[in-house]
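Residue numbering begins at 1 within each chain, and the chains themselves are lettered A, B, C, D, E, F, G, H, I and J in the order written.
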């Protein structure tokens, strides 16, 4: 059994039952919907208690439940550049704004990155008379490049070594 | 003269003067720093009054000022997939989470996309004892797919045609 | 079940019955033929009443009807650059004329894009003694780049902020 | 001298003089603006009388005038997939709608293509209270696949051999 | 059913029967062998009377016969660059000689292309004491770029507008 | 000096003098125009006597003359897939017809290829009341795959080992 | 049936029987092992008498035997660049040494190529106290570029026209 | 000035002076040689005191010193897959062993990654009678995927949330 | 049977039994866990005694056991660049640090590479109060480029020919 | 100075002087011509005494001589797949025969590779009445995959661990 086969099965059940993602996330609970949906789509791992709940909801076998608890091969199955317009717009934001983000984050935080692992994200509908908006709040831990061999801690005036 | 040559000149002046992006954005003002820095890096257009201010700050010729007011060929010069780790992490977020974003946005808003054009973004430092975090708030107008030929307005229960 | 399997099934039925696209679109009705055919080929969503009609026409199960009402992963299955000559010619038009379109649209409308989402398209046969022509009329909403942070509304003489 | 160097020179002069494309096209005249701008951007050829007018307007040497009259290596310099959002939206339209266009054109015209060579295009602003629209009308000659060796003219009921 | 499955079935039958392409083309007749073989390999359409003959020869169902009469998604299944040496040599001819062909055709015919649609091709064995040769004669209609907007017909001395 | 710089120089001189390729090929003579033009465009080698004539015609230095006599790095500078429509059409012919050519050539000649090295090509204008045609005659030596180790010459009934 | 399915079947039988390639090549005989193994792996054709022997050895049907006698779509199924280290090293040799091979072969033989079709290859184990070596001897016919139109045989002093 | 121009200048000076990397790293000191060399090659940032030392050693201007203190666009200029054999071998190790590393790290540490940012590396020569070896010791902080929304801390038996 | 099918079967059994990789490696023993897991994932060969143990543990047929003893087509099935974040970080380390590794290894060892074949690797958990670390120790034999034809052993002062 | 600039200079001098590679290799001597030519083309390193001779022959500066003694970034500047027919044929040999080479080498030597580093190559002209042949003899050390952790030396009957 491959993870994508499990994903296809879960989507078949969701369609048959007429469930929404909201209903599914409420039933499984315990984690951000982006992560729960991501796991059901084969991109994230469900921790054991949630995998158990998902298995009950979808009527999965024990082996399928265990597979939901496995770390999948992330990124598999998403063509890059994305062909789907909804996903492509995010890709475009990275391509067009990436250099500016780099400049501003490095000036504020020093040399490093925003973690894509210790990372949280929330999406809410922002009512707006000109047309509602998708509001996304992301928060990722800043991870400074470590300059090993610099044990005496030579500082770089301009940013602080964490 | 190409836009990338102007970008190189601006970065040379910034380096020589020892300016920060914050200083430059404060001097030019009037727009989000992501947009101002994006324009100076050759990815955005500066509206005329801001191009004028930028020209004064950097001591540009009138022709260079006009170039800052032009819409550049966006995305030029950013390799995709990004080779720089800071930019790559955003790319990875899109690749890994794209399918879940699509599922959740479409369930909430119906068929459509979050605009990358009518789009705002703010970055702030989120102090955190475990390590400060980069907090990014994005807000893009939702644009529903228009189903032309459907003038009688056949609704799709589950989402509202705007 | 995957969307492409549903597409294959629909094409099998169309072939068996000897239906034309025109007949199918007339039966389903309510939306532009480009959208209806696009949905049956797995690139668009059919709103519920149309999905119902399509299901009746093709004798689909309820689950298949629901799948037609889902937003598909658009763009999947079309190789780019297109290998098929008919589709490639459009690709070539974009590649060769893209820079001129950009120059002219930006001069007329300011910085922004023509929406590919709020977009309509009609194709008609244009009789011509030298050989009939394919006439395509497209109309997409112009979406101006929003310069956030520019709340005081600094105008750029040459285009009007919507 | 390369064509892209001539393009860069023409854009430098346009910027210095503060000319619009409209002004330039009016001065050169005699052909669709998409073609004139395309030629100045290095994608099209200007026929001799127009190349002469362009040379007078921009103060070009005779050799540069001749280069404008040459057929360029079309498509050079436009990255595909397009990185610029304005051009990308057209690319997306081809990718998402290509299969439906193919189905409908072939049903109406038979096996063949819409010419990208014997092709005309007009862009106009379509005023609209919800936001003006870009209206594009394209008309390309339909070219039927020729089935050589079929001299006796075996017809395919469903389309007419031109 | 997909076209490639039909192709596989046709090749299975051909192999089982021990037929040559020559035999098959003679039986089906009415069109150039390159087109008939191309259709059986899923790259071309067979007009109805020929599809009927092919169906009789191969013992196909009515639905399979109709599929042979459909315009396939051309180019699908041929990797580019070609991995097979026989096909690659043609690719190489285009890559190495393309610029010279362009220069010579444009000088003779003006700005335009040789059609790949209104196109004929014959292959014959050319006996030669140093080793027989493959002789290919191609003939494609020249299609001049149309310069729309040039209704007054400003000529470009050096080539004639058709 | 690089070959592409020499090519650029030759094209500059051709443009300045207002020469046609026909004039140039007549002056240099002694080889097919496709080869002479190919050499001047940096894809072929001119044998010494022709390089000498070319040097006289273009007023080249001795070193430049020698470079024309060198075998260039063929294929450099032609993007694949070709972006130029004229060259692309040939590429498309290979992609769409490649499998049929392979089937027919192998049936006639056995396992092997048509040489792209021992290869001749002629292009002529084919007058036609429906529009003149580009007629191309190619002739390449057939090269059979050699089955070494088969010294006893086990024949494959169906084709003859040369 | 596809060639790759036949290859998989042959490998299954080889594994089940515990045969070595040496044993298989000895049984089939008559051609270089590289060619026999290449044919069984779907990259070469087996001439009829050898296909017959292979069919007897592996217990194949008549149709499978005929498929072994067909020219396969060569190169299918080998990812390039090769992911397997053993194959990649050869790729690297071409990439790193290609320019030097070109320079030396052209100086010795004139303008042309070493044939990959009229080509022989032998591999032997070269005992060596520092570690045995793989010794490969390749011999390919030199094919000179033919300069057609040069019927009077203008020679290029430095190489001899064959 | 671009970073790659500074890199070229530094390499010119190193070559002219006949310096080794060891000498340079000893002079600049204070950080791991991999980082110092990486910075001089344009892939890392030198903290200010080290940039100062580098500037003194190489006789750089103040502006060049500042550039060494900037975070470069990492990854620029290294083709992937690497063409150089020394670098390619590391790429191959990732490609061939990546799945096993993923399996073992995730079993030991849970869902997450080894940081490439909080990362240290040392290379030493390992004397060995069969041929000296390159010994590389890497140590990267394990970063667990954070499951936000899981504030109540539902544990996944098998790994501990840090 | 393909190797990837065997891999899928092994993973199914592991999941069903609830085994860890540690348990599996302990049972099979005799080789580094990276190699054993790599073999079970289809990237390495298990020597016969270990393949036998694996077969007993997993209850494999004799043919499956033999397949585990075969050298697989390495690298198959790992997309490059890696989409999975854990594997991508290693890829990034190569891309960003590759040039520095090359400079330092070549200075220490001379011209050559670190073998990816005669290569060992160990991973251990490095406890650390700031967060445990993944420690990887790699050791690869240095392989000097052999300069053949240099039999008299002309030395290059700066490195010693092994 | 970049290595490719030095290469261009060396080729300019070779052309001006009218030298052959044979003359150059004889003058520099001491190593295989493939290696010497490779070094002059920027793909290999010349050991110091040879770099000195090359410098004398070409009249190079001391800095240029040192650059010839540096290990270049190998593979830079050779497009893959190769566009030049001479180099492409070798690429094709790898693509078509790679799987067979892998099967035969692994059967004879066990799991491992033929080294591309400890590798020798000779090219000679093989006179042949049907057309002279390029004969290439390559010899690379076989490097067995090391199975670390297998210290007790569990043998794999079928190949011997070196």
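Going forward, a contact is a pair of C-beta atoms (placed from the backbone, for glycine too) under 8 Å apart; a residue touches a chain by one contact, two chains touch by 3 or more.
Predicted, not measured: the structure shown is a model, and the values here were computed from it.
> Once the contact rule is applied, which chains count as partners of both subunit D and subunit I?
Joint contacts, listed by label: A, B.
> Counting one step for each move to a touching chain, how far apart are subunit C and subunit I?
2
> Quick check: more C-beta contact pairs in I-J or G-J?
Higher contact count goes to G-J.
> Specify, for the interface formed by the sequence copies subunit E and subunit J, whether it is same or different in terms of residue numbers shared by both sides, with half as the dividing line.
same
> Averaged over CA atoms, how far is the centre of subunit F from the centre of subunit H? Could you give it in whole Å?
Their C-alpha centroids are separated by 47 Å.
> For subunit B and subunit C, what's the span in angstrom between their mean Cα positions?
Inter-chain centre distance comes to 26 Å.
> Which positions in subunit C touch two or more other chains at once?
Residues 33, 35, 44, 73-75, 78, 80-85, 92, 95-96, 102, 106, 112-113, 115-117, 119, 121, 143 of subunit C each touch two or more of the other chains.
> I'd like to see which chains touch which, written out pair by pair.
Final set of chain pairs in contact is A-B, A-C, A-D, A-H, A-I, B-C, B-D, B-H, B-I, C-D, C-E, C-F, D-E, D-F, E-F, E-G, E-J, F-G, F-J, G-H, G-I, G-J, H-I, H-J, I-J.
> Where on subunit B is subunit A touching in the complex?
The contact residues of subunit B facing subunit A are 20-22, 33-35, 37-38, 41, 43-44, 74-75, 77-78, 80-82, 84-87, 89-109, 112-116, 119, 121, 123, 125-126, 128, 130-143, 162.
> Quick one: which bits of subunit C touch subunit B in the complex? Just the residue numbers, please.
30-33, 35, 44-45, 47-50, 69, 71, 73, 102, 106, 111-113, 115, 117-121, 143-150, 152, 154-158
> So in the complex, the part of subunit E that touches subunit J is made up of which residues?
That would be residues 81, 83, 85, 88, 92, 95-96 of subunit E.
> So in the complex, the part of subunit B that touches subunit D is made up of which residues?
So the residues of subunit B in touch with subunit D come to 1-2, 63, 66-67, 70, 73-76, 78, 80, 116-117.
> Please give the residue numbers of subunit A that touch subunit C in the complex, ascending.
Residues in contact with subunit C: 8, 12, 15-16, 18, 79, 82-85.
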